[in-house]
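The first chain written gets the first letter, and so on, giving A, B, C and D; residue counts start at 1 in each chain.
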Amino acid sequence: MSANSNHWVVTIVCPDMPGIVHAVTGAIVAAEGNITESKQFSSDDTGRFFMRLQVESAADRGVFEKALAPVKEKYGMTVSLDIVGRPLRTLVLASTAAHCVNDLLFRQRAGHLSLDIPLVLSNHSDLRQLADFYGVAFETVPVTDDMSKTLMERRILDAVEDHDIELVVLARYMQILSPELCRALEGRAINIHHSFLPGFKGASPYKQAHARGVKLIGATAHFVTTDLDEGPIIEQNVVRVDHSRTPSELMSIGQDEESRTLTQAVKWFAEKRILVDGARTIIFT
Amino acid sequence: MSANSNHWVVTIVCPDMPGIVHAVTGAIVAAEGNITESKQFSSDDTGRFFMRLQVESAADRGVFEKALAPVKEKYGMTVSLDIVGRPLRTLVLASTAAHCVNDLLFRQRAGHLSLDIPLVLSNHSDLRQLADFYGVAFETVPVTDDMSKTLMERRILDAVEDHDIELVVLARYMQILSPELCRALEGRAINIHHSFLPGFKGASPYKQAHARGVKLIGATAHFVTTDLDEGPIIEQNVVRVDHSRTPSELMSIGQDEESRTLTQAVKWFAEKRILVDGARTIIFT
Amino acid sequence: MSANSNHWVVTIVCPDMPGIVHAVTGAIVAAEGNITESKQFSSDDTGRFFMRLQVESAADRGVFEKALAPVKEKYGMTVSLDIVGRPLRTLVLASTAAHCVNDLLFRQRAGHLSLDIPLVLSNHSDLRQLADFYGVAFETVPVTDDMSKTLMERRILDAVEDHDIELVVLARYMQILSPELCRALEGRAINIHHSFLPGFKGASPYKQAHARGVKLIGATAHFVTTDLDEGPIIEQNVVRVDHSRTPSELMSIGQDEESRTLTQAVKWFAEKRILVDGARTIIFT
Amino acid sequence: MSANSNHWVVTIVCPDMPGIVHAVTGAIVAAEGNITESKQFSSDDTGRFFMRLQVESAADRGVFEKALAPVKEKYGMTVSLDIVGRPLRTLVLASTAAHCVNDLLFRQRAGHLSLDIPLVLSNHSDLRQLADFYGVAFETVPVTDDMSKTLMERRILDAVEDHDIELVVLARYMQILSPELCRALEGRAINIHHSFLPGFKGASPYKQAHARGVKLIGATAHFVTTDLDEGPIIEQNVVRVDHSRTPSELMSIGQDEESRTLTQAVKWFAEKRILVDGARTIIFT
């Protein structure tokens, strides 16, 4: 990549029909772009076409958008255009469990996760020292009843507004969001579910898993929707266990899966690799 | 192992208390046995103790049982005693799908699965040629209504009786067993469920999995109980999939998991490695 | 797909430069084709561009080739054009071990593997009955010395010629091919290596694995080259083992990995999903 | 477990012969112990017997040792006796890479890893702040030539002496230990190898892995011996990769495997679950 060129990431969603790729790549040729990565998918379920491109080009955003404009209009496309690797403005919601927050912050600092995290919001103060270590602001809003829950949700929305947040990560945030908040954050809030969905929903999944003597336990990262634990699945992992595991050991093993599953989902989101097709996700890895 | 010695497999279940292992191993010393494999587990859930031993000994069955008798009585043990590697008399129930039956018969012939399969019973004739190739008797009992279903179940029970069957394998046998038959076969009938339980139960799991966009699909082998798909889980496997998979591809991938999961469960059962602890299985691998 | 349209699979390799995708998709638009699948990759290692497309079109081969011809010439492309799902003419080489041959033949018959296997050639007669069952011709050429080895290799080349063979599968064929034969079959012969390469090469890998106490064992499918066991890797799998496994158990576990790894590689090859980039393979799954 | 009882972990190694388990459990009965966990293994390779027990008992160490003494002498046993969960005095050696050290310290603080880490010793100062956060002393000894290397090794031995260190963890410590130091630490130093052994040894394994186009990459934790990278293997993990991964992405993926593989090995060591049988490890999980 030459010194004064940009590296763009482009995502495209539109009704599927012949000629789309030709038209899109024509616009890129016009903008003197060079495609470095390209993935596409036609959904038989919804009849929609999905595409993600990475393009090197000396063109600035205006030139690029202008080149794409007629194609966008002709095919009825939803297009996003961004710089590869730009840190995503991310709000982290937490409670008391440290494993997911630690994994996110460690990898962000290590440079494996391109996030800009202006704030960790929690209903408990347990993780303050952890956030301090990573130099991230930390704020506590106790949630004990409906009124304090409303205050917390207002604080979340304010933080989203103030910091122009692009992604809200529920990093084992143990509160159920109100339908209003779910709708306000639709498509940009990711939750980690402490189970392999659709498996053991609700409370105490590791006790349930133990009682049923499962041989695999896992975790599911999914978008938040008003339908609790039923949002589009982004990533899932499992690990093998046996009869000798206590519920608390299952929990410890499960937490590792939770961390890595959530981090993976966040990473893909930051890299614009996740597109939503109805109840399913398209992941362009 | 010297030429005229036996290789015994012993399983023991009893209420947990101190001194059991010392007592059992004392009996084995008395029978001049040499322990070649030993696994044990104390269940906190049920307060029961489980043990599986392999013992080389010149003693015959009578001597061995006599040595164990006082220990058995003192601790209220359920004891099983068998020869390591003795082929298990196994009845296979099938419908039209070949993958699980093929895997069982191939591995049995290849010597990886110590089974004696006198009969494959099916409600369809599709797999006759496969059974013929492996030299296994094949019989068809069409099931189209309640009456024919009753005839099939009677035939199953007769076959179990006639061949002194120790294990019934439902190798994608697509009929629901009556509660009476489930009870008659309790603890010695293994089913393969075309899903990662507790996940998508009931019909068309691969369509459900596709519709939900899951990232992992799998299979579960479990004991048959009257509670449909809720018997103790023996083994589970999953494999990673992505958005590009059609329901029919998911099915093909899932079938591989079904075969290997069922075969693994059958192998462990034949080797007396599975003990049941309430709703859970103890697997001494 | 309408009744009288074709489903084409196209693979393209050429030096990487801007505009290729636009040009290729323009040719497809000209042939009134609809892209149903598309994957591409630019290799930083070799500066080459790789693409695989599936295209539905009413055009016949002549029309399609004519549309692609100018693009092909302009960019110096190597292009292959085939019908999706056309059975690949495949020669299987075997010795005494049944597991890989059984897996290939079972899946071919089950419709999961689109192969046309006119012949299984072996230096032993052990697998004749298995081939008979699947209705595949079987021929034995004993290999005991240099002269008989030469005869076998001549027979292989004749069979390749007679049946217009597109793929030679070494399904645990325990003979080292001569450099001449390796060169003659370059890019169209796949071997399964009984180890996780680069790991334990050479003889008795499971004994070596046992002696070293490895915790994972696996298998590698790769293209045959004159550099023994060093051809481009196509697929690898591993499975977890522990200290209690004997060398013969490791072998049995390893054989399962060999079967599934080889079958996967063959399936990808038959579907034109494997392109070679120097010492590496590009797999468009 | 009653309030004033102990929970002991006992490991036993001796020549294999009949009657050992009976004798050992007899001693435990004599000490009024209750076995809560028990694993054993007879090695056909070396003719040795290995056992690990967890025992609840009101007996103190003296009583316990006295009960075991005659058995120990009769069978020529090496016996270790410890308290379950006692933090292991551990010295961490590090260089510049943070991932392994971070994982160890985070899990130790989270209570998942029972270690007492008095010191992190490094040839670089990069990880000082990380160690500070976790409240662990940090010391730098630059290693640039033979003399400074000797000083570092002397410092290591002094730290082992001063803190009565039971385990030395080479958490991506990029220096080769001298044969003298290897011998001094034999059986109590664990290294993480940035590759799936025996695979790519030596420098730049991820470049080698990329060049060869491997489909799996992994990590190996092993005991340190004078034979570089050939010490007994404790744990191995792999993860699937494809052609699109750059060497730096392979490194990032590989580092995750390194962290979890090393942490697992350290956890097992702290719990006395690892016994050495010649060139192999017995892991009683």
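Operating definition for what follows: a contact is a pair of C-beta atoms (placed from the backbone, for glycine too) under 8 Å apart; a residue touches a chain by one contact, two chains touch by 3 or more.
Keep in mind the model is a prediction, meaning the values are calculated, not measured.
More C-beta pairs in contact connect the chains of C-D than those of the other pair, out of C-D and A-C. Ranking every chain by how far its Cα centroid lies from the centroid of subunit C, the top place goes to D.
Mean C-alpha positions place subunit A and subunit C at a centre distance of 37 Å. In terms of their C-alpha centroids, the spacing between subunit C and subunit D amounts to 42 Å. Residues of subunit A in contact with two or more other chains: 37, 244.
Looking at the complex, you find that subunit D touches subunit A at residues 37, 98-99, 102, 106, 110, 112, 133, 244, 252, 256, 260. Within the complex, the subunit A residues that touch subunit B are 41, 44-45, 196-200, 210-216, 218, 232-238, 242-244, 246, 277, 279-283, 285. Subunit B makes touch with subunit D in their complex at residues 18-19, 21-22, 25-26, 28-29, 32-40, 42.
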